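Both complexes shown next keep subunit A, but they swap its partner, so subunit B is in the first and subunit C is in the second.
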Partner chain A sequence: MLNQIGNYSLYIALLSSIIIIIQSPILLNRNNINISGRIFSLISIQSLMIIISFIALIIGFIISDFSNETVYNNSHTSKPFFYKISGTWGNHEGSLLLWLLVLSIFLLIFTITSKNLSNKYRILTLFFQEIIILGFLLFILFTSNPFMSLFPIPNEGSGLNPILQDPALAIHPPILYLGYVGTSIIFSSSLAALISGSVNKSWAKHIKNWVLVSWIFLSIGILLGSIWAYYELGWGGFWFWDPVENVSLMPWFCLTALFHTILILEKREMFHSWAVILSITTFSLSMSGTFLVRSGILNSIHTFANDPSRGVFILCFLFILITLSIFIYFFYQNKIKNNFTKTHIVSKETAVLVNNLFMMFFLSVVLIGTVYPIFLEVVNNDKISVGPPFYHKLIVPFLIPFLIFMAIGPNLNWIKDKTNKINLQQLLFFILSIIISFIFLKRVGISYLFSLPLFIASFFLFFITIKDFSVKKTNLSQKISHFGFSLFILSVLVNGVLAKEYSSNMKVGDERKFLNKTIKFESLKVNESKNYQSLEANFKISDKKNSINLKPEVRVYDQPQTITSEADIKSTLYSDNFLVFNILKNDGFYNVRYQIKPFMIWIWISIILISFGGILSIVKKNG
Partner chain B sequence: MKIKILVLTIFYFIGSFNLSYAANSEKVDQISKNLRCLICQGQSVYDSQSDFALSMKILIQNKIDEGKNDEQIYDFLKSKYGEWIVYDPEINKNTVLLWVLPLILFVFGGILILRKVSIK
Partner chain C sequence: MVKNIKLIAVVFLVIVSFFILLKGLNKTNNYSPNLNSSNIDFNFKAKFLYSNEETTLYELINDKDFSLINIWASWCLPCRDEHPYLLNLNSLGKLNIIGINYKDSEVNAKKFIKELGNPYSKIVVDPSGVNSIELGAYGVPETILINNNSKTILKKYIGPLDDKKLAELKMIIKNEN
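Coming up: the complex of A and B.
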């Protein structure tokens, strides 16, 4: 029953999509027609249908309707209620339906909020957005239908991968998708603005909100993924340069560049073409991300789909969209206003160009590092791995000038700043940064002195962004985001330099000395939970002053049978105590890994600050 | 006096042994962070607790004890398991584009910007 509801509503949505695509060119030629009429009702019907099908799938998961193949493959009656719901998008079919849901809801919001803009622009945006929706509908209905029926109906499902049964990961995909899919609106509207010849101030003003919204969701989505990786994968790291992580980082770089460019377009009517190119690129990257993850060609912990026909479909779809946009770009490029004047080398405009240059560089490092191994394997069958050392070697040297530029750039004036004035204040802060970094690194250990320039640059940015709070010239949201970024870099660096790790094989009752602390394996007990058994250890970490207890777990899930280790983490403002243990084959011994991670919490806080700056900017403008 | 010297020397030896041991195990960590665990999904040898990773760490420790330096150890592993095992691909004719392409793009972008700005 639910399967039929889901299927039929998707077909109705498909039909509305086709009608809109056919009708919009006709409407385009009639100038004074208001689209709030028939097209608006079609879009509403479409969204409603997709919402219904999504709800049908959620209900299928909640009541464990195993006549549905997706539910059967990814759920189990013993699963907690919350994870039954999150199981809806914890799989290939459901997550695509979520993509589609966000696509159509965003389009609806766009139509409602763009009423005061020109009809031509709105209809064209609708047109391109509907092409994307149509592509996803076809993809879902013909290669990854979440409403396939099973007969005879099985009694029990095969369960959700336990590693995905986690609160942060349950909301991670929807948040990330809001970011990815938000870029589709940017894409459609930039093409529409290009064709209707309205790439200008008011377009920039309008699309800025969408850029910000996508950027905020993407940032928070990435944050949630990192937090999850930190405590669930049990390695104590938070970023592994895993291909799927990279895929979410690429549109982030692009969006950050786009946001800065849009600001210039809004204030100074410059960089029109570049803004359009960035809009197209951002969405292409989001789509390629979906393609790379869904096709299963990446060797990654995240891959949960492995079907070549799906990959081929997305690849073709992506190819069509990109070709279409390149074609449109070159065909309508001459409609873009070309009032280009050279910007002065010391000005805010140039600073934004430099920001863009660095963003594009970081993007290209991540992009090339991610796809190069795939191409190499196809071309001459050589398998290589590109991992953290590669990214660090290429990104770190460029990070140093980038941080210094970021400190100076926002304080420059528009058009032309004074060149002959040496800013005494900045110079003082720079000298202060040199002294502090040197003392800090010398205390940590002489072997870290090679990272001195990096520390100087990040301390410099840190001081300048703090100082900027006292300057009235720039707006508050920018200050918060930039300060957040400097805090982020600094916490990551300090964390990297000061982190301590101890690993040993221990059995119950053992005691080990590490630095000035004693690690005692006090006890071990077995717990029964609804859908797993767990082995809970109790460790006491004590130094002269105080002691804490850490209780990591090893969980054995029965559906499907999987062992996961759950780290126990005690966070304070200064540092995290992180302990994880694993079962070894030798009797009674467990592998114990204890880590002290200074300023870990500040990494999360800083990303929240970065995103908060964006939120503030939206709220302030509309409030 | 002699006893004092004896005690000191013993302590010195224990101390230096500890130091070199610590340095060695740190070296194992350092090397194993750069190696892919071949039977895992996107994990390094360092992070993994699989049998493969554990035996790999012992292998690296043995090589260090034999007095091999980092490069020799990487070369040995590459000849045994292929380029795929290292996360840090060396520059050769296959990977030169991987390393150089981002740099070329940066220079190219830099030139573009320089052409768009005026110095006066």
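Coming up: the complex of A and C.
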């Protein structure tokens, strides 16, 4: 029953998509027709249908309707209620349906909020957005339909991968998708603005909100992903330069660049073409991300699909969209008004340009690191793996000037600033940063070539962003985001430099010394939970002053049968104590890994601050 | 003119990446076990656990009508659970049970056998795990029933043996006879 409801509503959505695509060119030629009539109702019907099908799938998961193949493959009656719901998008079919859902809802919101803009621009945006929706609908219906029926109906499902049963991961995909899909609106509207010749101030003003919304969701989505990796995977890190992580980071760089460019476009009517190019690139990167993750071309836990026809479909769709946008760009490029205004080299405009250059550089590094191994394997049959050293080597040296520019840039004036203005305050902060970094590194005993300038630059940025709170010139949201970023860099650096790890094989009752601490393996007990059994260990970490107990677990899930290690992490403002253990051989010994990670919590806080700046900016404008 | 060259360059780049990715899709990028082949490469070489001699699978499966290849490791908990079943099967006398010790240390493997008994007629070691993957193994434990005369796989179990699988194995052997 649910399968039929889901299927039919998707077909109705498909139909309305086709009607809109056919109708839009006709409406385009009639200037005085208000689109809020017919097309608006079609879009509403489409969204409604997609919502219905999504709810049908959720209900299927909640009531464990195993006549549905997706439910059968990814759920189990013994699963907790919360994970039954999150199981809806924890698989290939469901996650695509979620993509589609967000696409259509975003389009609906766009149609409602853009009423005061030109008709031509709105219809064209709808047209491009509907092409994307159509592509996804076809993809879902013909290669990955979540409403396939199973007969005979199985009694029990085969379960959700236990590693995915985590609260952070349950909301990670939807949030990330909101970011990805937001870029599709940016893409469609930039093409529409290009064709209708309205790449200007008012477009920038309108699209800025969408850029911000996508950027916020993308940031939070990435944050949730790293939190999950840190707590669940138990590797003791938060970013691994895994291709799938990179894929979400690339649109982020692009969006950050785009946001700054849009600001210039809004205030100074500059960088028209560049803004359009960035809009197209951002969406292409988001789509490529979906392709790389979903097609199975990358080997990762995020990869669900093994069916090559799916990969071929997304690939063709992706390249049709990219080629289409390239041609549109080249044919309508001369419609862009190029009212070039003379700008002095020392100005806010230059600062944004520099920001963009750095963003593009970081983007290229990540892009090459992610795509090159795939290309190399195809062309040459070589298997290489690109790991953290590659990224660190290429990014770190460029981070230093980037941080310094970031400290100076926002304080420059529009058009022209005085070059000979030697800011005593800034100089003072710079000297202070040098002294602090020098003392800090001396005490830690690190002598890596770039670490001193890197610390100087980040301390400098940190001080300047704090100082900026006292200046009235710039807006508060920018200050918060920039301060968040400086805090982020600083915590990552300190965390990287001061992290300590100890690993040993221990059995119950053993005691080990590490630095000035004693690690004692106190006890081990077996717990029964709803869908897993766990082996809970109790470790006591004590130094002279105080002691903490850490209780990591090894869980054995029954459906499907999997063993996971749950690290126990005690966070304080200064540092995290991280302990994870693994079953070794069956002679009573366990492999124990204990880590001290200073300032870990500040990494999360800083990313929240960065996103909060964006949220504040939206709230302020509308309120 | 410059504009056209730019356009052609960009489109060219896009097309090239399209075909590279398309080709990449059809490749398997991970080293996955070969599921479909019902034939095994019987020529793989391995060393015995209790001696330093080398042997091939071909030599190993000469005894009796059926061979049961069991991939195990001392560090694998389910292997411990399934061990009594292997001992039970061995007591039937119809089977030539061959153990492949997967990614294990020699000391621990010997200790395991000493502690729990030896159902295997021969044990070979696979310290790197490559041979087991060649056999189509997903992990440990895994059990493969082979007809020695036709050299084909009759049945393959991923995961530990249990009562149901044991009964099924006995049925197959009975029917094949």
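Simple rule for what comes next: the second predicted complex is superposed on the first by the 615 of 623 C-alpha atoms of A that agree within 3 Å, B and C clash if a C-alpha of one lies under 4 Å from a C-alpha of the other, contacts with A are read in each partner's own complex, and residues count from 1 in each chain.
FYI, contacts are C-beta pairs under 8 Å (C-beta built on N, C-alpha and C of every residue); 3 or more make two chains touch, one makes a residue touch a chain.
What you see is a predicted model; the values in this text were computed from it and never measured.
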Clash or fit: what happens to subunit B and subunit C when subunit A is overlaid? fit
Can you tell me whether subunit B or subunit C touches more residues on subunit A? B
Quick check for you: in the superposed arrangement, does A:574 touch first (subunit B), second (subunit C), both or neither? neither
Answer with first, second, both or neither: which of subunit B and subunit C does A:469 touch in the superposed model? neither
Let me test your reading of the model: by the given contact rule, A:380 touches which partner, first (subunit B), second (subunit C), both or neither? first
Kindly classify A:344 by the partners it touches after superposition: subunit B alone (first), subunit C alone (second), both, or neither? first
In the overlaid three-chain picture, which partner chain does A:82 touch, first (subunit B) or second (subunit C), both, or neither? neither
Just to confirm the geometry: in the superposition, how small does the C-alpha gap between subunit B and subunit C get, in angstrom? 6
Doubly contacted subunit A residues - partners subunit C and subunit B: 299
Complex interface listing, subunit B residues touching subunit A: 29, 33-34, 36, 41-44, 47, 49, 82-89, 94-95, 97-99, 101-103, 105-106, 109-110, 113, 116-120
If we count contacts the way the header does, which residues on subunit A are in touch with subunit B in the complex? 233, 235, 237, 240, 242-243, 299-301, 303, 340, 342-345, 350, 353-354, 357, 360-361, 364-365, 368-369, 372, 376, 380, 382-390, 393-394, 398, 501, 582, 591
Within the complex, subunit C is touched by subunit A residues 291, 295-299, 308, 311-312, 315, 319, 322-323, 326-327, 330, 333, 374-375, 377-379, 561, 583-587
Any idea which subunit C residues touch subunit A in the complex? 3, 6-7, 10-11, 14, 17-18, 20-27, 29-30, 74-75, 77, 80, 108, 111-112, 159
